[in-house]
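So, here's a batch of structures to check.
Shared between the two complexes below is subunit A, which has subunit B as its partner in the first and subunit C in the second.
So, the complex of A and B:
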């Protein structure tokens, strides 16, 4: 029952720096999202494409967010699925699309290998952090280049 | 896309940007709209009754602080209710008054240009321009000479009005407002019958008016007499049902309404029992049907449909009879339920809600988006082409003008035969689905 055109509108008129979210032409519940990799992270200078979908029950249920750009990160798996508490059990309808996207950006700045989604990446991260970060940097250059 | 829906950020570029905080504080953190029937939690947070009740059905915690929360802990906030409605009733005009006379004026200008044939029909506009001229000594661009043609005079006036001169004295800012207002075309709201600048009406007011109406509050022009069912009678005896009826018919949009009085005389409904939550797993199909029938609800559809129907009705009922200070009737609740079912059962574009409308607009605007963005970019570079802009939105402007004309005409008629009923707007006074679809028509055609 709450479709939040309010929020959609605000996202367009009042964007967050480093983050863009555009509703799809045919479906305003579907957003094309891009997030700039945070400075001083292995994802710096990368632009990551994501998709965000507002389910029918939004904001009672969390939005669905997924990375489309390949990324080497312990909390993001091969399919781009994100392990982030506020997208799962800690979702609250008081959260907004913008806070969700900011949290995703924050996750890029501080990966948490102790709560992994991509087990092999998390293992790599714990055993050899520098090496893992180098891989993440390579992937960023390879897949998330700015146009 | 410009602001179609009201948002706290509307006040950012005004003379008093901090009003945006007030605006934001009066909104629900779940639906992001202005609080409707606000209720307070023990943790000190306020939400719309419907929003928080719907959420508690899923999670027993406060969305803001995550403290434990159950339905029985919620308390009505009559004061906040009146504060919100009071603010909403002045918002459109407030925004108009504190608005900076900068870029936003450009659209008005194009509109006026296209509507110039309309202006020349009455001598009013030109007269007011001349009046303004005499008070204009301190302006950047002076209008000299009186033998200019109407159009150049108007043109000059526009230049004066829209110049981005922010560091002028307050008084000259005020005078700019006066000038702008004389230039802004007014149109009548088909719902509350108040007059607003077309732009405001289209973008902000109609939405607000429809929202209030969908809450079962009829923004009908109120006659002065109905105010005195107030304090005196309430002091002596408990309010009768008929008094409450009258109260619920009181339009919250009207300027004459006393939100103070409404607050002071507000009472909790004691006639209606709260509706219990039902454990459907232990119920047979016929038992469910019985429950629905007892509430005069439809028994069509699958078991799942009926359960959803009861649950939503329970939500509406308790929000209305437990939390609201001016509850609507049971039959109105059933109407709201039907409307909810209708909009919930169609998975495709639903034009009856905001997102549907927004979606239609986006689709429609899409063919123009490229051209629009190009023009807008030029606008920022100071190479804005008014003619191209006017051509691009020719149809839209024509539509607006037509609408304004219709409303003017309607008004003239009304003046002509005062005794007669309102012309052609009877269908609009009933808060119904037809209403919204009419709104769509206006907006998209």
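So, the complex of A and C:
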């Protein structure tokens, strides 16, 4: 995997606002990621920890991303797995870690309850959007605190 | 589909069968000759049986045969009889195709659409593939939003202008590839969209997607790569792999009518145009067995090997059940046994169940581990599961234990015959050599030696039917009279199969020729017993005596 150093370098030297990604000391394929909750979303002011892993076949295969912080979101399940098209069928080698993380941040800003991963959350979201958003806010306060 | 059209796709093998159908008279004569020949041989054998076997056994057999004639629902002509005897469905009209035939069909479908779309054929294939070969949906979308469709599929670039950039490979100096981030002088590929990536990244990218059956697009956007692009990047004829994967996707999109032959490395595809009759056949508990051009036979419905007399449901349930049980147990059950006399461990390495212990010379039956002597002459008792009702109280744990024991017994029988079938197959490898030695040593003509191969085929068919009959027996109500008849039939076939198997082990060419009438006798008998067992099994299914309990 010859692209990793350059991409990682750029990721650190030219960070995206609200997103940090650092490779693990022992394993350069493993990234510790944090994403700030987008403004005007229920996740505002929260800092969400994620892990990102580049598989052997990267960039021909999509990176694996998972939330470590508990989050109330229709497209993210209890184990932190994310339902995002570019992480699965719509992955293209031209996408990068940076774009993936931006997409995850965008997913926080606009949840899509019609294509759910966490069914109970999605149901709540469709039936009672305000209530669901309140729960999401509460969870953000509870779990996604700044360290 | 009309006949003329049909014949275009028939292979030699099928043509032969087709001609057989057209000249019904000839077919009838041949079948009736065959039948009469077999008939006489069997009577001979039956009389022979009468002397040897218990009278009741044969009596049952005859009653059953009479009953059979009344039970048959469909009028069966001689031409159909052979097919039914093979366990298949009468009048199942199918054809065996190659991947090339399938590709021609794809082209044919696409050709119909060409005047509407006026696009290159290859592009229409891409469109069709994207719409799961559903012409109606595609045309609807086409009349609705033509340009959107083409953009979506990646046939036009979003700007609508295809001449901005040129497709193809170019050599560039100091090029920075967006994928591998390396700066180097390298060959670069791009489509009309202008997204350039180095050829090495493109190769890795395409390699991973050649077998997916989907359209491959530019790495940066949705413009589709065409076959010539793929050949240009990957080298000569690489797009064939993509073609093959699109053929696969065509077959899987039409899985109701097209089935791949399940045998390893066989690339035949069976096409059944009219599937409307399948439900009727499954109601009558026939299975739609088909044969591909490589002579592999399988069930069109469940894709499994020939499983008559069991139907697809029984087969499925049986296999699921077998998978649950421990693999170790299976290995121990099927591979080793202790000699009942001297307890030496024995692994079976020949097709016949007549065992002679190499250490103490004790002769016994591999299945029941009883002495061999009674098996050779009188009624073959091994296939009869002893229902030990009297010994058990009806507490539930003992019930379960009993069920497990019952299952283990039937599974063991099933496995014995599977193992034996494999050994028979090894035996089959030697048949060619035997025929050759007949030719060389005694001067028997090749065609005259074919009775050996025929006997082996009959043996295989009998063995398979016997094997699956244990699945049927397991699910059958043991108290019913017909089940008892079925078990008797199993025993008769079992005996017949073992006899034939033993006959086939003879190595001395002169002895083989001397016993040629025996081969005909035994093989004919096996065939008859196989047919009887199959019909009896189907009867159990039709009458609901054999049914799935859970």
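As a convention for this text, the second predicted complex is superposed on the first by the 144 of 147 C-alpha atoms of A that agree within 3 Å, B and C clash if a C-alpha of one lies under 4 Å from a C-alpha of the other, contacts with A are read in each partner's own complex, and residues count from 1 in each chain.
Please note the rule applied: a residue touches a chain if its C-beta (ideal position, glycine included) is under 8 Å from a C-beta of that chain, and two chains touch if they have at least 3 such contacts.
All of these numbers come straight from a predicted model, not from anything done at the bench.
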{"item": "Touched partner set for A:23, first subunit B, second subunit C, both or neither", "value": "first"}
{"item": "Partner chain(s) touched by A:40 [first = subunit B, second = subunit C, both, neither]", "value": "neither"}
{"item": "Subunit B versus subunit C, judged by how many residues of subunit A each one touches", "value": "B"}
{"item": "Subunit B versus subunit C as contact partner of A:59, first or second or both or neither", "value": "both"}
{"item": "Contacts of A:93 with subunit B and subunit C, given as first, second, both or neither", "value": "both"}
{"item": "Subunit C-contacting residues of subunit A that also contact subunit B", "value": "2-3, 6-7, 59-60, 92-94"}
{"item": "Subunit A-touching residues of subunit C, taken from the complex the two chains share", "value": "178-182, 195, 197, 201, 204-205, 208, 217, 219-220"}
{"item": "Residue ranges of subunit A in contact with subunit C within the complex", "value": "2-3, 6-7, 57, 59-61, 92-94"}
{"item": "Interface residues, subunit B side, partner subunit A - complex", "value": "1, 3-5, 7, 9, 29-33, 50-51, 54-55, 58, 63-64, 66, 340, 344, 353-355, 357-359, 362-363, 366"}
{"item": "Footprint of subunit B on subunit A - complex, ascending", "value": "1-10, 12-14, 23, 25-29, 59-60, 92-94, 96"}
